[in-house]
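In what follows, chain A forms one complex with chain B and a second complex with chain C.
Right after this comes the complex of A and B.
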């Protein structure tokens, strides 16, 4: 699929400290929705990119890593929180500013989730408000 | 009372709001764990804890707030809402008084004396900021500690009340509401030590 600026498809995953995904969201315009298989492939690709992220963290301590890896013609951007949660975004268009703003705002929402005493850091995020707000942010910055 | 509340708030020692919220959240989770996830038991336990706190808190309140005796239960409600809440929680509540019911009960039983009561209504609740109740304890009275505090404090000044969390923003309501009903005015017993 060729990348044309703007309408990209994005796959967003938050990975907690123990390398288990605690949140997933897809931002794909309707006309580009693939078969179910691509969801699994995306997870695999993101998981592979985690190793790259971890390696980069050994050498420096950035927060927003920008594009860390490439798979075919898909890019992976990463953002790491102080608590070592990694926000991984799989996308096929370059959109650095939008992605950076997206990650930043999601980070704020993520901190609020962490402050909920019923949530443990390695648990899947079940809050519907969180999900709704992340999707709204996706609409705002990624499309 | 609003002014008294503000003065008391400014005088009293403060802690970080977030620290307070996080500590209370941790307490609730621990009590819930100890109760094996039983939300009702946890609510009851929180009330009991609050009762013990309230019994002690009343002295600090009376010492630092400069309020005078309340003439009636209505005033008690106002003082709690405007002074005590402000002093200890940093928020002001509204006190709503319900008209006492006059109509006789339908089943012909002797009419109970209309209980004096008031409702404390507040929107901001430092105890439950950032909290979202999970499904398996959606009926948990998260802020039930407050009910216990009110009950314990009032008992120390001669009023036996029943205190209940009737609405909670955590339950999807538009505000949090505590109903306080006066059950009995406790007559003071003086021990005659001379005999």
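Right after this comes the complex of A and C.
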């Protein structure tokens, strides 16, 4: 993977307690869009990395776990909240600080959605405003 | 005939996702809480046939809150680490969570001598029971089952699944004991982590 800067492709998933994805977003610069083909593979790679995270999180207490797994030339970074919501990011460039800031800000948005008594923690997040804010954060920190 | 539906009304507030998370320093009047709690108990009682069923309903309501209070308090405090050990998690609930909910730390946290998977949180005169008098016909009812549910919600969400139940101390009727019984996998993992 290339290091620091360069336009990376990012695939972001929030996984709730029951190992089901509750939110997904892709941040890919226009010139790299072969997104349709890789979308399924991305989900598979992220899902496989979940096993690594689930084991790691008992030996490593920081919320931001940084890079937890690799697949070919892609990296997977993870961030696990107190309630074990896992924020998984598949990326092809290193960007530790940008990713940390991204995860931290999405974390706050996530808690706001969670506080809604009509939202069950294992339910998909359908709020368009949430999606818009996450995409804005992606633009700000990841690309 | 003109109706009030002539034009869509502007939203008065920004979307919840755009509003800042409250700092958590505001308080709710205990009377307001007691009134709401009493209505909820009556609502649950109408739908339960036994005291046990009623307690289960209170626990379920508490569990939905537990998940949220854990995430909210951890975010507000800027907690950058998760609890990975049983006793630290219990301490966190005993102190930080209790302060956020009730303005004080819990009275006592203790470990059972007979069973390695059991812990107790005791509270004399729990806030939620302040205005509740249990009729003699329901001797085993403790409405702090609601708080037991909150604790269970927190433990389940943070990877320490447990059964949590509320009991009235037989020797001290105003004292509630929350009995926490951890799932076997938690005990096994603790042993492995202890090395």
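Throughout what follows, the second predicted complex is superposed on the first by the 138 of 143 C-alpha atoms of A that agree within 3 Å, B and C clash if a C-alpha of one lies under 4 Å from a C-alpha of the other, contacts with A are read in each partner's own complex, and residues count from 1 in each chain.
Quick note on the criterion: a contact is a pair of C-beta atoms (placed from the backbone, for glycine too) under 8 Å apart; a residue touches a chain by one contact, two chains touch by 3 or more.
Because the structure is predicted, anything quoted here is derived from the model rather than measured.
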item: Chain B versus chain C as contact partner of A:87, first or second or both or neither; value: neither
item: First, second, both or neither for A:118, with chain B first and chain C second; value: first
item: Chain A: partner with more touched residues, chain B or chain C; value: C
item: First (chain B), second (chain C), both or neither touched by A:102; value: neither
item: Which superposed partner A:126 touches (first chain B, second chain C, both, neither); value: first
item: Chain B versus chain C as contact partner of A:10, first or second or both or neither; value: neither
item: Partner chain(s) touched by A:27 [first = chain B, second = chain C, both, neither]; value: neither
item: Overlapping contact positions on chain A, where the chain C interface meets the chain B interface; value: 112, 115-117, 127, 129
item: Chain A-touching residues of chain B, taken from the complex the two chains share; value: 18, 21-22, 25-26, 28-29, 129-134
item: Complex interface listing, chain C residues touching chain A; value: 15-19, 21, 64, 67-68, 70-72, 74-75, 79-84, 157-159, 189, 193
item: Touching residues (chain side chain A, partner chain C) in the complex; value: 17, 57-59, 61-64, 80-85, 107-117, 121, 127, 129-130, 133
item: Partner chain B, residues of chain A touching it in the complex; value: 112, 115-118, 126-127, 129
